[in-house]
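Attaching a single structure in structure tokens format; questions to follow.
Labels A, B, C, D, E and F are assigned to the chains in the order they are written; within every chain, residues are numbered from 1.
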Amino acid sequence: MEPSITDLLQNGLQLMIVGMGIVFLFLALLVAAVTALPRLLRRVAGEKAYEQVAPTPLATSEPAIDTDVMSAIQTAIRLYETQN
Amino acid sequence: MEPSITDLLQNGLQLMIVGMGIVFLFLALLVAAVTALPRLLRRVAGEKAYEQVAPTPLATSEPAIDTDVMSAIQTAIRLYETQN
Amino acid sequence: MEPSITDLLQNGLQLMIVGMGIVFLFLALLVAAVTALPRLLRRVAGEKAYEQVAPTPLATSEPAIDTDVMSAIQTAIRLYETQN
Amino acid sequence: MEDLYRIWQDTGLYNFEPGQAAMLGVGLLLIYLAIQKGFEPLLLLPIGFGAVLSNIPVAGIAEDGGILYFLYAGIKSGVFPLLIFLGLGSMTDFGPMLANPKTLLLGAAAQFGIFGTLFGALALNAVPGLHFTFKDAAAIAIIGGADGPTAIYVASRLAPDLLGAIAVAAYSYMALVPLIQPPIMRALTSREERLIEMSQLRVVSKREKMVFPVVLIVLTAMLLPSAAPLIGMFCLGNLMRESGVVDRLSKTAQNELINVVTIFLGLSVGSKLSASAFLRTETLGILLLGAIAFSIGTAAGVLMAKLMNRFTKAQVNPLIGAAGVSAVPMSARVANKIGQEENPHNFLLMHAMGPNVAGVIGSAVAAGVLLALVR
Amino acid sequence: MEDLYRIWQDTGLYNFEPGQAAMLGVGLLLIYLAIQKGFEPLLLLPIGFGAVLSNIPVAGIAEDGGILYFLYAGIKSGVFPLLIFLGLGSMTDFGPMLANPKTLLLGAAAQFGIFGTLFGALALNAVPGLHFTFKDAAAIAIIGGADGPTAIYVASRLAPDLLGAIAVAAYSYMALVPLIQPPIMRALTSREERLIEMSQLRVVSKREKMVFPVVLIVLTAMLLPSAAPLIGMFCLGNLMRESGVVDRLSKTAQNELINVVTIFLGLSVGSKLSASAFLRTETLGILLLGAIAFSIGTAAGVLMAKLMNRFTKAQVNPLIGAAGVSAVPMSARVANKIGQEENPHNFLLMHAMGPNVAGVIGSAVAAGVLLALVR
Amino acid sequence: MEDLYRIWQDTGLYNFEPGQAAMLGVGLLLIYLAIQKGFEPLLLLPIGFGAVLSNIPVAGIAEDGGILYFLYAGIKSGVFPLLIFLGLGSMTDFGPMLANPKTLLLGAAAQFGIFGTLFGALALNAVPGLHFTFKDAAAIAIIGGADGPTAIYVASRLAPDLLGAIAVAAYSYMALVPLIQPPIMRALTSREERLIEMSQLRVVSKREKMVFPVVLIVLTAMLLPSAAPLIGMFCLGNLMRESGVVDRLSKTAQNELINVVTIFLGLSVGSKLSASAFLRTETLGILLLGAIAFSIGTAAGVLMAKLMNRFTKAQVNPLIGAAGVSAVPMSARVANKIGQEENPHNFLLMHAMGPNVAGVIGSAVAAGVLLALVR
């Protein structure tokens, strides 16, 4: 048996209320979490650690090869400086 | 029926011996093949062809750069050390 | 029952005629369509719109460069040859 | 010349049913809109072409054994829309949202476009000739999320038959955002409100951006598992991006991977644009409801912003509420543009990016609710 | 040491059948030709390596559960060759053909290579030991299309057993185009004809290029639906390219997507190079017929050009007729080179690109005819 | 409000089993290690995220119909690890190994880590509560190969249930190589040995590099077909790289293709990190055995180098023996670093690359032995 339009509309209304409720609840929780986040991170990392993070990002990225090349070049430069 | 631990260990020991034997045999054969390779290629290609190949490595495909760069730097440093 | 070679060849001949006929018909229709295309586009877009399109080809996406470059060079060479 | 007769019997001219011819026209129209009118060409061009291909008689390109049939498995399994979400996640910068978390509520409010439309779709059953089941209504409603992959994902689960029409409506209205939203935004705001300048966004640390996708997926796991596939893939993409340690994966996810999947997804959606599925009164209903959905979402976002201004000191320009529908980044640009009509020095774009990406989360959450409760 | 004995029983040395060893040699030969002789390396290197892998005894790499078995699904379903066509479409510039539409007829004439070879293959049944069914003959004939993916697509549908030999022949002869074509071209033309200079090509508007793929797919839908998968994917690629609105999709289709599929396609084709399928008298027949096919196609193209010159004022250099076999862009370059032997200032390359791409359409049309009529 | 109740019944909070919660923690820990500690992030980030996703209750992301279930087919079929090997092959330069072939023996010796661990795993059956079948033991032992894709390939064939733990152990210990190896290397070598300078490597011709992968696959075909899938795909990748004629394929194999497969592989491995498979005493055994495996392999490599020095004039610095475990390029760097602690001018990196890539071949050979003999 097909549900009547009234039934459908009633269910739709109910779903609207529950759905919007959950959407708001979820995003409100997210607001709370996100608002607390910077303070939490600062506490975990400690003031110093936090400040130390700031300058590093430029040097982070991965290709480890450059590291090797870097250290070879670095060594070459050191050598040069000490011997001249 | 489950095999006893003694059985398992005996089989394991046997597999270890056979396995390491095959690994060594295979890689030793590879050593022989790789050692013979340059001579073989020279014979196939003839002296001239081989010499023509010699100067190209600098122009080889680029993914090899890391290696090339490394060995170039290595050579440079060696040279530097011997000359100073 | 396997078809006899004569049957096969007869069918093959027939397919050849029909096939080449369709290929020619199809591509001839395409010739007609393609020949009519610029006039049709001009009519749809109106003279002005069409002229506005004219200067753009140089600025088209890059994969087409080879063609453009080729025809530019061709033109340049023709010009050179006629003027000298 | 039996062969000639057979080939004539195999031509499109001999076999075209009126519906197929009409759908071929629809496909060409979509291609035209994509190219000449700039209607979300990345999706609508492949969708339109898929419609053309799948409506060629005899060829059977969308039937068992045809390429579009095989590609459609990527939608049926949910894999394609989820991979698109992975790529979008690795393209998304949550910075503006993290800098002003309360804009998340604008993204929540705009989802009223979804649930209002659900109600509307059910009400349309009163019109003779229209028949939407509860599942149909939910699948149509998700157009209000203004988020293509979410709409395709939900529709493929709840009402695969309507998938073509729903995807076409979703992407078309996203392209029409610059036409649909401004009148509503102007009607619901005063000149003073549109002139509100918002304080500059604080700098968000790399670490915050990195932790956010983890927080989001954990919250989703706790509260709304049915939204976890969508939100999860989005978070993975975003974490790959923000962690900075897997750049090569992140680059591939936001370029080649998403491009390949976009082509396949578009073609597969197009393969669902058959006459029997598209040339129905229901499609008109869907197109009507889609327009309503975007309008309700826009209005709800704007009104929510006005409501928030009553309770907090830091004023929000209500125009950015309209960006809560998502349709990233189109609706954020619209908010910025309408704002600059009043004051050319009022840059709302970054402020609007907050509710804009919040709207993506919001509609994924709403999708989770629909998938959990509509069976 | 039962283990030692078992591993000896599992070695290739213990298990090699003569046929497998021979096919391993064939695979290595293909790799050699690809690398040292530059024979279509993009395809023949993966094909050769696939042949090596699939003929390793015991390993079962091409049997159910092996990677080549799984990859072959991409050919069986037709998806791989069609995706290659998508990529080729987005690499193709139809400009030179649109500037001189009558060159399309050269691309039509060259398809005589296909149908003439079909007849030849059937005639070879008179040779004892050779046995080609009508389907086999049609699959072999498509080599004359000088178009790898078309050949693979048709062969996978009509004669999967011959797929390996057909693909190898098709790509090998494409690589041999600079050897096969010139003598025929010289024999059929006079010095005066080879000296013909063609008038400069007109500039083709972006809009024409954009509309052409749409016209082509619509015509195909009307007249020859069986060619629609091949021509359709080609047109989609070309439309993505020329529309200019989906550059990121077009770039991916002509780079990463086609590259990945090329690796998989080559390996899968190689997996069909088993001794039982390849080491047969039929393979010699196929190789012979392939050479004939290219020769007939070349001759037909050249003669058609000469015929056209009788009826139109704007003369066509008959050398460009040879480019009608497709084998893009090799045969166009050959036409240009032979022309410059007579007059170094006669640049035929762009003129030859017209029949060259027309040949791609032509052989897809011929493929459609074969797929429609050969059952 | 029946709906509210139903959604509450669908929440993670309502459904979380303790095991799932714990595994969610394990997933987050892996993500943390990947990002903050740099533990092989390319793999461990997707693996960790896959663990999180697959342990979300109700969502069923790793169950039939979920995306991780579909992706896992790529591991079950062996396709993903083999494609990774294709990519790694096209990234690998065998030059240093070809210049000093005897370093291949170091790569052989280090495989003692595999077979010693196999014995150890069987011995652990004496511990009450631990139960490893012969297949289990072999799958665990392959961790000693220090090669992720090889470990995943073998484990997926011999002990799919342990796949998650084995992959996590393999990648974790690879990340820990700089901690695990140095003490062993120092303990087994004298200062004089660590100071040994090796003669400069000769230039290896392009042709040698090109022929090597062909020699390797032919040898494998002859002697150890069970290793042919792994070694074959590696050789194909390497041949594409060194032949220089298919650069576009090689570039794609080592970039987009391997990146896409890495994401999918990682997620699929993570999907096997269920509580029932991971939260067992056996996992502790696997982690213990993994550490032992790396240690034995390191020691065997170093001792082999010392042994070789007794028989040949050209001395080998025994530190590079440790690189024989593979873990490319980490262990080669470790050898270089320890060497430079004694003499900063002693560059061992290139010398260590020889045994390093030899170790990849060695563990693929060992994998072949296990796959052939353990049934």
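Here, a contact is a pair of C-beta atoms (placed from the backbone, for glycine too) under 8 Å apart; a residue touches a chain by one contact, two chains touch by 3 or more.
In this text the structure is predicted, and so the values were computed from the model without any measurement.
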Overlap of the chain B and chain E neighbour lists contains F
C-D, A-D or B-E checked against B-F; over half of contact pairs coincide for A-D
Taking shared numbers over all numbers used, above half giving same and below half different, the chain E and chain F interface sides are different
A student comparing B-F to C-D should find more C-beta pairs in contact for B-F
Per the C-alpha centroid definition, the whole-Å distance linking chain A and chain B comes out as 44
CA centroids of chain C and chain F: separation to the nearest Å works out as 54
Dist(centroid_CA(chain D), centroid_CA(chain F)) in Å evaluates to 41
Shared-interface residues of chain F (touching two or more other chains) are 3, 7, 41, 223-224, 256, 345, 347, 349, 369, 373
For chain A, residue numbers touching 2 or more other chains are 15, 18, 22, 62, 68, 72, 75, 79
Chain E residues touching chain D in their complex are 77-79, 82, 86, 210, 214, 217-218, 220-226, 228-229, 232-233, 235-236, 239-240, 243, 245-246, 248-249, 251-253, 256-257, 369, 372-373
In the complex, chain D touches chain E at residues 3, 6-7, 10-13, 15-16, 24, 28, 31, 34-35, 38, 41-42, 45-46, 49, 52-53, 56-59, 61, 65-67, 70-71, 255-256, 259-260, 262-263, 267
Per the touch rule, the chain C residues reaching chain E in their complex are 3, 5, 8-9, 11-13, 15-16, 18-20, 22-31, 33-35, 37-38, 41, 45, 50, 53-54, 56-57, 60-61, 63-64, 66-67, 70-71, 74-75, 77-78, 81
Chain D contacts chain A in the complex at 97-98, 101-102, 104-105, 107-109, 111-112, 114-116, 118-119, 122-123, 125-126, 134, 137-138, 205-208, 211-212, 215-216, 219, 223-224, 244-248, 358, 361-362, 365-366, 369-370, 373-374
The residues of chain E that touch chain B in their complex are 1, 3-4, 7
